[in-house]
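Quick one: this structure, given as structure tokens, is what I'll be asking you about.
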Amino acid sequence: MTRTITYQQAINETLRQEMEKDKMVFILGEDVRVSPFGQTAGLVEQFGKERVRNTCIAESAIVGTAIGAAMTGMRPVAEIMFADFMYLAMDAIASQAASWRYMTGGQVKLPLVIRTVSGAGWAMGYNHSQSTEASFMHPPGLKIAVPSTPHDAAGLLRTAIRDDNPVLFFEHKFLFPTSGEVPDEEYAIPFGQADVKRQGKHVTVVATLLMVHKALAAADELSQEGIEVEVVDPRTLTPLDKETILASVKKTGRLVTVEESRARNGVGAEIAAMVASEGFDFLDAPIQRVGAPDVPIPYSPPLESTFIPNEDRIIEAVRRVLG
Amino acid sequence: MTRTITYQQAINETLRQEMEKDKMVFILGEDVRVSPFGQTAGLVEQFGKERVRNTCIAESAIVGTAIGAAMTGMRPVAEIMFADFMYLAMDAIASQAASWRYMTGGQVKLPLVIRTVSGAGWAMGYNHSQSTEASFMHPPGLKIAVPSTPHDAAGLLRTAIRDDNPVLFFEHKFLFPTSGEVPDEEYAIPFGQADVKRQGKHVTVVATLLMVHKALAAADELSQEGIEVEVVDPRTLTPLDKETILASVKKTGRLVTVEESRARNGVGAEIAAMVASEGFDFLDAPIQRVGAPDVPIPYSPPLESTFIPNEDRIIEAVRRVLG
Amino acid sequence: MAFSAEEMLALYRKMLLVRRMEEKHGELLASGDIWMMGHFGTGQEAVAIGITAPLKKEDYLFPTHRGVGEFIGKGMVPKDIWAEYYGRTTGLAKGKGGLHLSDVRVGLMGLVGSLGADFAVAVGTALSSKMRGTGQVTMIYFGDGTSNQADFHPSMNLAALWQLPIVFACANNQYSELAHYRETTSTEHIAPRAAGYGVPWKIVEDGNDIQAVYAATAEAVDRARRGEGPTLVEYKTYRIAAHFTGDPGGYQPKEEIEEWKKKDPIDRFRARIIEQKVATADDLENMNREVIAEVEDAVKYAQESPWPAPEDIYQDLYA
Amino acid sequence: MAFSAEEMLALYRKMLLVRRMEEKHGELLASGDIWMMGHFGTGQEAVAIGITAPLKKEDYLFPTHRGVGEFIGKGMVPKDIWAEYYGRTTGLAKGKGGLHLSDVRVGLMGLVGSLGADFAVAVGTALSSKMRGTGQVTMIYFGDGTSNQADFHPSMNLAALWQLPIVFACANNQYSELAHYRETTSTEHIAPRAAGYGVPWKIVEDGNDIQAVYAATAEAVDRARRGEGPTLVEYKTYRIAAHFTGDPGGYQPKEEIEEWKKKDPIDRFRARIIEQKVATADDLENMNREVIAEVEDAVKYAQESPWPAPEDIYQDLYA
């Protein structure tokens, strides 16, 4: 049996269920008790202030605190209010959390989740709108989840919390109110398993987070002309499910990558480079990348909407790749 | 006329010359007065403590200070002792320095250089050995120079200091003692101009920093078998000289990228993705990327040398790409 | 601190202008006419206007996200604010900044999005004016919540070490986002943290008294200007507004808000002005009407200004 | 603080072991037998051993890069240190850590490469032991230079806010890399910065007196253990060694070094031991020989240990 919940609920419920199940799980971050976006709403009432812990505004220290707690038996779920601020904690995330187990030769484990919220489109300007997930693919030791639906959000978050390693969990502002079906029973989605969100045969579009929905909308439109787009959602960036992507490209012979952030050294760069190496023989046309231009995120709506990739740009890219 | 100097001298001399020429240029960073690697050695004696300014150990504040000075008429050259520590200043670099002009609609300019030192191989372990340049390609607004020779170091540093925008300048530990020819007269190398370090016709190898030299060594060896490798050194990662890279791939039909850091979402990912899009029709074989494995940098020499790409791995990649 | 009648009226007018600007912003949001969320500084106008009054035009200010107070205080004009809020090409940042206002002509260097990212930037502008010998003072204005951000620490250290012309001005409005500041700050007072760096500090107990705010700030600004280094001043005030428009609310006790409404800095200054016969209630009502008209005109100017073109997105990245 | 004879000798032995370990490291470097640069703590052994002595095995320690003092103090044994320095599989980190030693069995959680990155991590372990109710104390040990790193600030704030069982132990050895600390630190003393967070602090004026170090630290550790929150203790000492082997030197006045050599903490404790008739000079010379033998054996053990295989590079990344 299934039921319909929102993305925000999926996150909130999963946090609650995991906190009920394991008393080592606790939450820390800025304003996690009231929770402006609602992901942690109501948890302090149920679990108390010890386990739902407001921190001061200091992102590097939030992550550092989570690292220390994780290496000594707790299972912290830290929140960084906006994905932009992940950069304030870049050393803690990319050099410390990511390496600590390795530099101790496996003496400690770090069961630690860092949840954050990405996405432009709310006219919040250059520093509250970034999607920074691509920046964490180059450093080693991090698992990165990028759920696009309530189903994926709950399933990936459960896996994240139960994982004994640092996991970065990127939520998208615009997905919080979106709803979708989830099974009634508890489930977890293993990392490294892409989901084919739409089957197709002419072009493979690999997209993440909000862009999955834009890709699906573009696919609907193209389908009316007989162009069948296969939409692949990797769901985790590391580990990356190369097999599913390569199998799709093998079928279609054409690849378009779509992401909300800048294409330059973005998620699509890695996917394109991987396919250009491991799936070269499948390719019938140049790979196309859709992403934002190489500028900061401007505030003014006409500029911001130029920044964010949309259906039209995806459609154009698909047409380009079809030659 | 030319003369021979070391990479370290090239940097030191250029700093001195630019400081002589423009009294707005000043240096700040940890221990820049004594200068363990020698790049800023002797400058405090000539220019005094005001213009060669030791800071406390706080990388984010070093960059922040440089941003403020730059936007009000100074031309700071900040030093971050090791490229690993760039992550401690990631927000200041990638979100603030990179965006400030843009978010003010061009009201300020930020003539600011951040020099840092990358490179593994000295058994300094996970956090003093990283090459982090790839991490700064995804954010917008930054220019990134990666000199591989004394000639390029002096020419690019001069351009960096005279540029009115934030420039990241990555030096490599192992290059400091290497020497090479430079013109007697002052010169500057424009950004966005790759240098073909060796002409070839069978395979294009794009490499940066120390890897340029390993690629050249590999090319020498391969040449004995009649395989002529063209070694392209982009010299700046942003702006990236796509034309030179594409022209080379057009000639050879084959691309190998080489970098010291992890290949995943590294410099090579962007170059490979770009070529798979814009130079697809030139390609006769899958693109090969050579880089480090997706792990932190281990200390023990046999492990560290497994981490760092070497001639053999470049040669293997060239052979693979030749089929 | 004795103010001339003219000075009193000028300060009063600025406070009023701030209040009316933010009220208008609230209205425009309610009517759906503007989309940019507001973080209003209702009740804190005495701090914003009082701290900026001792600054010269050429001094540098790093402002906060809490409304338009210090922007107005430092000399930014309503039409430039609205043009930017409306995202038009007539905005000083041509719509690229939005909330992140700047007006470099009057020393408003720009509002950062990462709270605290400007601590060290302010150290940099202060260092620069010291090196260039210009006599400019830098002020960095920040909230109680922001005072805990990591960069505060090396920035205080460097400012003190180099004896820079800088004033650290902290508005303690008792809330940091949706929680009381003592939920995340270990001490009641922020200012004494300066002592650890050898930096003089002061607490203005009544931050809703613009004259007290002015006096303490002027002293710190003068010290900086004389080359005697940094000062940290903390102003006790209260955030009557929600953190942001759309804020779920409920975490500020109603009685507390009511209590503080009685200490409204504008009402109090108004009473003093009338009491000291600097102006009559009628004069002030006329001024209010003028201010409202100024705000309305500015909004209209913004609304009628042109939108940026899509290709403008590529401009202003590099110098 | 009254120590038993046994305790005195145990502490003395540890200081001696640290000195001999680092001397050996210097020799091995000179002969080219080891490649890992040394940052020796010569002259600071009283701090390293004195602060770790009050800790229990299960307490957590975040150590520094300055030699092996606190590692020995917390209970790491020479052979484990050398095996790691030699990069062998017998190292506790299997050669992956090198300088970044760890021995989690004795609470040595690992040495970070980014100075100050462990301030907040230490807050995390202290929070964890408080939440788990284990009674463990966390100590974070750091230098004067590191004390200015940004994360110090929110970490002090959170430790104080949450009243965590943690001791901030600052070795002020007067140098930060290749410059005197006053070139980069605004105040003579670091410890009073704690006051700004409501955290008690103490300065141990003679950090080369192990008994004074021990006494002040034990008090702070006990406070933490009793659940009374954090303390910051600063120990005045001196770095007789260069910053690192290969350091150009010259920035520490020769007379200063000579002056401090006279205050050598090992010599002084030795004199006290003999004076108080806890042991004779002969006893101590025997101990010295034993210590040297232990170091030699440990080096030999490391040298004879196997190298990791290239494919080991992929291990220990994920749990």
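Order of writing sets the labels: A, B, C and D. Residues in every chain begin at 1.
Basically, contacts are C-beta pairs under 8 Å (C-beta built on N, C-alpha and C of every residue); 3 or more make two chains touch, one makes a residue touch a chain.
These numbers were taken from a predicted model, which means no experiment stands behind them.
Shared contact partners of chain A and chain C, listed by label: B, D. For the pair chain A and chain D, the distance between mean C-alpha positions equals 41 Å. The distance from the centre of chain B to the centre of chain D, each centre being the mean of the chain's C-alpha atoms, comes to 36 Å. Work out the mean CA point of chain A and of chain B, and you get 30 Å between them.
For chain D, residues that reach two or more other chains under the stated contact definition are 91, 93-97, 100, 112-114, 117, 148-151, 153-154, 157-158, 161, 184-185, 317. Of all residues in chain B, those that touch two or more other chains are 55-56, 58, 60-61, 84-85, 87-88, 91, 95, 102-103, 125-127, 140-141, 293-296, 298. Viewed as a contact network, the protein chains are fully connected, with every chain touching every other. Taken in their complex, chain B has these residues touching chain C: 26, 50, 55-56, 58, 60-74, 76, 91-92, 95-96, 100-111, 140-141, 164-165. Put simply, chain D touches chain B in their complex at residues 35-37, 84, 87-88, 91, 93-100, 112-117, 145-146, 148-150, 176-179, 183-185, 247-248, 251, 307-310, 312-314, 317. Chain C contributes residues 148-154, 156-158, 160-161, 184-187, 192-199 to its touches with chain D in the complex.
Against chain A, the residues of chain B that register as touching in their complex are 84-85, 87-88, 90-91, 94-95, 98-99, 102-103, 125-127, 130, 134-135, 137-141, 238, 261-262, 264-270, 272-273, 275-278, 280-281, 283, 285-289, 293-296, 298. Interface residues of chain A facing chain C in the complex, by the touch rule stated above, are 30-31, 33-34, 36, 54-58, 60-61, 84-85, 87-88, 123-128, 293-296, 298-303, 306-307.
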